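Across the two complexes that follow, chain A remains constant while its partner is chain B and subsequently chain C.
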Partner chain A sequence: MSGTVPSAKSGRSGHGLLTWLLGLLVLFGAWQAAYVGELLDPMLLPSVPEVLATAAELIRQPAFLGHAGVTLLEVAAAFAIAVPTGIILGIAIAESPYWSAVLKPVVFLVFSIPKTIFLPMFILAFGINFSQKVGFGVFSTIFIVLISAFSALESVKSEHVRVARAYGATLRQIAFRVYLPSMAPILLEAVRLAMIFNLTGILLAEMYGSRAGLGQLVSNWGENFMLRELLAGILIISAGAILFNEAVRWFETRCEHWRA
Partner chain B sequence: MRRLLGLALLILWEVLPRAGFIPSLFLPPLTETLRALVAGGGEYLRHLLLSLYAIGLSMLAACGIGIGAGLLIGSIAPVRRVVQPLASGLYAVPLVILYPLFTAWFGIGPQSKIVFASIYGLLPCFLGTVAGVQTIDRQYVTVARSMKASRWQMVSRVLLPAAIPTVLSAFRVGGALVIVGIVVAEMLTSTEGIGYLITRYRTLLESPRVSAGILVVVALVVAFDSLVRLLERRTRHWRLSTRSA
Partner chain C sequence: MTSLAILEKETALKPTGAAGQTAPATGSVQVRDLEHTYDASGRTTKALEGIQLDIAPGRFVVIVGPSGCGKSSLLMMMTGLLRPSSGTILCGGRPMTEPDPDVVGVVFQEASLYPWLTAQDNVEFPLSLRRMPKAERAKRARDRLALVGLNGFEDRYPHELSGGMKQRVSIARGLVQDPPILMLDEPFAALDEQTRISMGDELLRIWERTGKTVIFVTHSLTEAAYLADEIIVMSARPGRIIDRIEVDLPRPRTYEMMSTPRFAELRERIWSQIRTQVVE
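Coming up: the complex of A and B.
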């Protein structure tokens, strides 16, 4: 995940917006061309204006908003549990040489195994309900947070801590003036990646077995060949995920100078 | 140390469900899982082969296109500056929601899961390769350019060999995602494959057979991961060509 930083920084946000507009233009252009050229049956690929109109309709529908609310609540609950727990646990493990020797290999091993295949076990254990979704979201998220916490702690330079101590800094000052600024960029990246893993996990859990939520809605639309609603739903969910991701990234670049 | 840890985990897997600390509906003891695996061996093997076929095709598509496009786009700076932020932004999209679209388009046969898994593994392959191309020592490129290397020569003789270490780790991540993509697609809607088997036994509440299926998939992922790691170790001396060395 490293090596993404050395890109152009100046005027990034204006330039970035233009890039996204260009990408959107290419996507909609190719889509509309496929529609006009009848690459697929119009029932399977409705036109861009139709789908955009459906999307605008959907976000005003109370039923759709209800499903979105269920998903958002699950995502928020899993996020609120996984991120603080992961960071605190990660710091606790990394600070102790004994536990890092024992537990770090386990965490890295589990991290390399994709979590999605364990979803059936969660259904067997919890049934199909809110806590199963949140539990699976936490399970798919926490390992990336743990690993980020490990590397965030490693990024704190011991010289900085020593200098701060030599100047008689209090524990509180060391925590907020030395540790936090150095760890913040990596932890922000952890928040970003955690949200990606979390959202994917919860949507999948909803698609796999659920009575409510965006994932259930999307898979229902697919089964009933309601392509207009399906494509509109995909666009809305993607837009939400991309917006959150870019917002955190924007904040990351703001915090970059702390690392110096 | 690592072996001891693995052994401890296996023992816990057997002891905890037996002692009742974990409900055996959730996690059946190791021996029961293995017994289910042996008893249904033929069936698991048949569905595993069907999954492996789909995995092979998707891996070819995902890693071929991802690494190829990554090398090409990574080596053309103006294009890279436009495409890279877009691609890493798209990485935030939970791609699972595309699967209903593919089943509507291609039916629930192998095509839809192959397309889905290819797209699932494509982005990490692409992003990893683009990042890898950027770590190549600029001097190699300058030398090749001063010798009037064509773009094809630049890619095949300079960029590809120098980027191999990073390309391999992109392949490791992307390939694992392809495996999971196929299994997840089979779990959602499908009529064959190891993921289908897992879901069928889950609806029948036959936990030992569910965890046997999961065990097979985990073994597959771990085998793939260690195979690529072995390749990485074998090509370690090429790492000298990257700037980090």
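Coming up: the complex of A and C.
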């Protein structure tokens, strides 16, 4: 017989949730300890139960939910534009030797610029409204998606394409049966990263001159020294972001074997 | 060179057979006047020159040559994956202007399995491209996996298999459409010596069971002498056929044969041909 079989799937499920809860416990514990020990001015740091109670209250308030709805809509719109556009454009650029040579360096250069400094220009161009938020969200997100699409395409092995050709695959079959599964892990990662960039962009745009949205709310609470609400808002937004991230990661681990 | 004279006589004797017949493809391979040049960094390189080949159905033919001699390119042309600059290739009487999985099954070097598919799904892959019903292709793939000694491993992913097992899956995939010809491009090059020998035995066993024509490219002289009915020796670039050696070792081949004087003679003959090429 030919050699040994490398160990099969290593157990991983179960661990994730446990460490997660543990991390949360440590965070809240440290926070509460700091509160009890008066490490910070109580004005700056309310207690954990107070903040959690405020958060529970907030998510029942129609006004708060209205703001959350505005943000969610902006985030969803920007995401729905930036991710497919970025992936398709990225693949189109990377597939063409000419456009690769011309545009890849540009994309990498622009990627390294902090996008936040362009916000005033978006306000000037669009005014303060929905499309300005979405536009800025797309702008914040698309470069990381483009770059991920480049490397996703590079991860397609020419041997894998050759095998498909040897067995008579059509171009369509090569695209869907070889390219797509080859690129999937990197594209899923791109989805995760894109959401982080996207949320940052949208929330920033809301904080900087806006009438609605969670970003505006949080910035308002900060200006008015409403620490309980501020921290509750931060907790709620964080929970949403983490939930999305973990959901995509769960997908990623499901197809983990195709990274090996 | 005498060998070349023999070659010419042979090609003269055998007229180009009935091409383009609709009858089920046989395992014969014919290459006529094959040449290949390519342009790289502004310079035209001649890769293959004057290749003539006649391989009868059911033969086990091994192609050896110094690295860079174009033996892998020649094989890729015979599979239809690469177009030669000029010349014709007939496999089973059909011109190989593009891959034809009904005629030729291909086994590549390592890492050609799809890591996102199980062993079973990898073997089914060629059939699924042709939309064969699920039940039938599952059965066929299982049969082929059993043929290569991998029953019980159907649900493993490639990263859960050893190097030798991966190449068994590749061979099963190459045979799944039951083509009359199997072409292998240095399939065991990445394996350790022991695994390589046992995989050679395995391939011989499969070949004897199925009666396929096998064309096998390798740079290992031992592998060539151990496996082949006939060894085709190629020169350094531009690759030409400089010798054809009939291997008269009895079958089944055994490990002990490797230490016989006859085996050493064979290896010596191949090596003496290749050495002159390497030195130059």
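Just so it is clear, the second predicted complex is superposed on the first by the 245 of 260 C-alpha atoms of A that agree within 3 Å, B and C clash if a C-alpha of one lies under 4 Å from a C-alpha of the other, contacts with A are read in each partner's own complex, and residues count from 1 in each chain.
Rule of thumb we're sticking to: contacts are C-beta pairs under 8 Å (C-beta built on N, C-alpha and C of every residue); 3 or more make two chains touch, one makes a residue touch a chain.
Remember, predicted model here, so these are calculated numbers, not experimental data.
Trainee: Looking at the overlay, what does A:V163 touch: chain B (first), chain C (second), both, or neither?
Mentor: second
Trainee: By the touch definition at the top of the document, which applies to A:K104: first (chain B), second (chain C), both, or neither?
Mentor: A:K104: touches no partner chain.
Trainee: Counting touched residues of chain A, say whether chain B or chain C comes out ahead.
Mentor: B
Trainee: Using the superposition on chain A described above, determine whether A:Q173 touches chain B (first), chain C (second), both, or neither.
Mentor: After superposing on A, A:Q173 lies in contact with chain C but is clear of chain B.
Trainee: For A:N245, select first, second, both or neither according to whether it touches chain B, chain C, the two together, or no partner.
Mentor: First partner only, chain B.
Trainee: Would you mind listing the overlap between the chain B footprint and the chain C footprint on chain A?
Mentor: Common to the two interfaces on chain A: residues 3-4, 6, 8.
Trainee: Would you mind writing out the residues of chain A in touch with chain B in their complex?
Mentor: Touch list, chain A to chain B: 3-4, 6-8, 16, 19-20, 22-23, 40, 44, 101-102, 105-106, 112-114, 116-121, 123-125, 192, 195-196, 199-200, 203-204, 207-208, 214-215, 218-219, 221-223, 225, 227, 230-231, 233-234, 237-238, 241-242, 244-246.
Trainee: Quick one: which bits of chain B touch chain A in the complex? Just the residue numbers, please.
Mentor: Against chain A, chain B makes touches at 1-2, 5, 9, 23, 25-27, 81-82, 84-86, 88-101, 103-105, 131, 134-135, 176-177, 179-180, 183-184, 187-189, 198-199, 202, 205, 207, 210-211, 214, 217-218, 221-222, 225.
Trainee: Any idea which chain C residues touch chain A in the complex?
Mentor: For this pair, the touching residues of chain C are 79-81, 99-101, 104, 106, 108-109, 111-112, 114-116, 125-126, 129-130, 156-165, 168, 177, 191-192, 195, 198-199.
Trainee: What residues on chain A touch chain C, complex-wise?
Mentor: My answer: residues 1-6, 8-9, 157, 159-160, 162-170, 173, 177-178, 181-182, 184, 255, 257-260.
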